[in-house]
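One chain, subunit A, links the two complexes that follow: it is found with subunit B in the first and with subunit C in the second.
This part shows the complex of A and B:
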């Protein structure tokens, strides 16, 4: 029996205003389970509750009801956070830090020893294609380069679960291919990956399982292999399935 | 903690906050002396130079650090950087302490660098500072407690005071005792007690300010004796008088003046023709040698740094839950509250009979005063300018309370708040 890395059970999230009146029900009774080694795609149109679900998973938002477990622990537990890497949709980096300092900063926040962090930073910056740019301030980087730095920062503490929010956003085709290859390599190495993206073609390429959210509910999902096997157009299988369940 | 410190320090340096702060402080230090008009005396010029330059530098550093710290976490939250940090296993409190230490280090750099410039440029050079020792007297409150019954029984006591709550009357009597004038008639001696170690000290000076009942400019004359030391005062008006206390020949009554209970008697004999008065708690000091100007400046700057450390922690605390403009506004309102709290407490020693809003205001003022009194009651830069020793005991208290205890508590609250408010409001 495979080990559950992420368990989201009956989770709902209602945003409230200052007077605690409900404003929007972003997530409604979502159940998702991500198993060890999965490359899990969380898909859905804009406003479907993907980002809210990810934020609850990261412990940045508290669910209104339901339960979330990360490695069997609550999301705010430090032991769970120590095993987690996160790449946000936009690369919110400190513009005054260089690429190397950025990666070392996040390594420090992950309580990595300095010497090990230095070696790991150099290795990761080379992996994401930033060799030679390690000592440039990230404030002067292009969007794609900043994305690569953020990717390296997410991976620095060698997480067991990597949460990627639109990982190929802002990348050129070569960068997108590199990221996809990197995700595949990480998954082959046993890392569990949870991805949200609108790039359904890419998701079909790299995910092993998906869940599709619409209006805060899980409206579809399953193994990519099953979705593809049932589709008439194998190349656009996920796209067709997505359109079908969301409609 | 180290990572948060390094990041905040780099942000302060590379974001040009610290270079601009240093430039501003240097400009004040260089150009302020040109704007000062002195009283023409060398001592006055020195006093004004130190007071105005270091006062302006301290104000500049404090306000800048407060404003920057008010925006630190708010900006990180708005730019979504906070969420990236708090999902890491490092504790929020440790990260807060790291950021706070970076602000304290930046403030220390600016303050001590400018203090070094003032040290070398101050007119008069390295003038040693002196302890200002006041007569040993019971506390004003204990005097008030011992005299309240008699005061209330007096027929001359105003009816309003008789009806007032006991605590209000006690506060009134304590304030009266602080300002109590002691009259000394011609040919009569007044006596006080000072700590016994003064009897053995050398190079003592007397600092005293007399007042007279009716004659504002009448001369006074008298002899002051402290153990075996004495000073003759003559032809002085009501200005502050500072004269050396010279040792008498061996023998005399020096030994008998040294009490067995750790005190030495002091006496002033009025040899003039007018009755003179002084407030023993405010107008009479024995000045004994302390240490160098440099050491005194160091202590004064540590005092100021304790205040800036509190301001930085308060700014971060506000920034944890509020946006930058709201945090800055709240910080400045709080500064006003800190400044007016002592006056409010003096004005309304008891809240009985006040409307609810005023009572809440009074409670707030008392709370603020309790936390900041070791800073708001102190005047380290004025003391430094007057070559008055910045004493270790209140300094240690200010550092412990204002640079450690209160900031750590504020940072603890900030760490709790940040967990709940990691994302900007529009998410």
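This part shows the complex of A and C:
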């Protein structure tokens, strides 16, 4: 029997204003389960609740109702969060730190031994294609390069679960291909990956399972192999399925 | 502790990395060093103007620099999402807040230490040169002291520019660090050039002046902790408005307490009464502040800092980070 890494059961989130009046119901009764070794795609149009779901999973937002378990623990439990890596939707990095310092900063927050962190930072920056740029401040980087630094920072502590919010956003075609290949390699190595994205073609390539959100609800999903096997146009299977369930 | 130091170091760097910080360090320290030049009228004691100029620079420039750094490093990180990336890892929010505030404290204390050294040199430069005649003031500033202070500060700034040009060091950070470290070096250079009457004069000057700076810096740290706590919830404009009100209220604690004892008591419980922390008058005529009084005021500051750091930690813990 496979081990559940993420369990989201009947989770809802309503944002309220200063007077505690409900402003927006971002997530409504979402059920998602991610198993060990999955590359799980959380898909949906803008405003469908993907990022809110991810932030509840990371303990940055509290669900209004429902239950979330991360490695069998509540999401605010530090033992659970110590086992994950997170790439935010936008690459928020300190502009005055160099690429190497940024990765080492996150290594320090993950309590990695300094010597191991230095070796790991060098290895990761080379992996994401930033060899030779390690000592440049990230404030001077292009959006795509900053994204690569953030990717390296998310991977530095060798997490068991990698949460990627729009990982290919801002990357050029070569960068997108590199990231897809990297995610495949990580998954082959046994890492569980949870991805949100609008890039359905890319998601079909790399995900093993998907869930599709619309207006805060799960409106479809399943194994990619099942979705592809039922489609008439295999190449655009996920795109067609997405359009069908969201419509 | 490794997490604490990683966060605090980044916050200290962030505080110094803004161009505003380099401008504040350069402008405030040059102002203190140049104070002897402005001896146009009689103050009764030649070193008084530089000394009070140094304390004022710490209060005004230091407070402006440190509160803006606190808002930047905490408020902007929370709104931009840099904080989310750290807090999504196993970093407790209270640790995050305390470490970030401690980083800003470190940057502020660097400025305070530099201002104290600059003031000691400036006061000595002024006292050595001014000859007060019965009919007026004949000002002759001790040149080597002025040269060490002003020249050292400008040279440090130029070295930071050169380090940025040739070694790619961060300009604003190195400018702040180099101008700060230039102050004790300039003080020692002046000492070596005979700027102090005897070997014990430097130590006596430090013993008189540094406690006054420590007490005022302690009072300022309370405001920095308050700004950091407010930055966990409110926008920079709101924090700036509250801080301005808090500084004014803390200066008016005594008259307020006379008009409304309850309001005065509340302010005194939450903020340092800055009139108590401004001890310039105690240094007049070769006087020094009492050590037990200095320790009492530092203890009050420490308690208030701990209180506002606790408030900030609770506010951040309850905040959602969308």
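Quick note on the criterion: the second predicted complex is superposed on the first by the 247 of 247 C-alpha atoms of A that agree within 3 Å, B and C clash if a C-alpha of one lies under 4 Å from a C-alpha of the other, contacts with A are read in each partner's own complex, and residues count from 1 in each chain.
As a working rule, contacts are C-beta pairs under 8 Å (C-beta built on N, C-alpha and C of every residue); 3 or more make two chains touch, one makes a residue touch a chain.
Quick caveat: nothing in here was measured; it's all calculated off a predicted structure.
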item: Side-by-side fit of subunit B and subunit C on subunit A, or clash; value: clash
item: Partner chain in contact with A:108 - subunit B first, subunit C second, else both or neither; value: both
item: First, second, both or neither for A:81, with subunit B first and subunit C second; value: both
item: First (subunit B), second (subunit C), both or neither touched by A:58; value: both
item: Touching partner for A:180 - first (subunit B), second (subunit C), both, neither; value: neither
item: Selected from 199-207, 217-225 or 325-333: the stretch of subunit B that, after superposition, runs into subunit C; value: 325-333
item: Overlap of the subunit B and subunit C footprints on subunit A, listed as residue numbers; value: 55, 58-61, 78-79, 81-82, 84, 86, 88, 90, 92-94, 96-97, 105-106, 108-111, 137, 153, 157
item: Contact footprint of subunit A on subunit C as seen in their complex; value: 2-3, 5-7, 10, 13-14, 17, 80-82, 84-92, 168, 170, 173, 320-322
item: Residue numbers on subunit B that touch subunit A, as the complex places them; value: 2-4, 6-7, 10-11, 14-15, 79-81, 83-91, 95, 419, 422-423, 427
item: Residues of subunit A touching subunit C in the complex; value: 15, 52, 55, 58-62, 78-79, 81-82, 84, 86, 88, 90, 92-94, 96-97, 105-106, 108-111, 135, 137, 150, 153, 157, 163
item: For the subunit A and subunit B complex, residues of the former touching the latter; value: 55, 58-61, 76, 78-79, 81-82, 84, 86, 88, 90, 92-94, 96-97, 101, 104-106, 108-111, 137, 153, 157
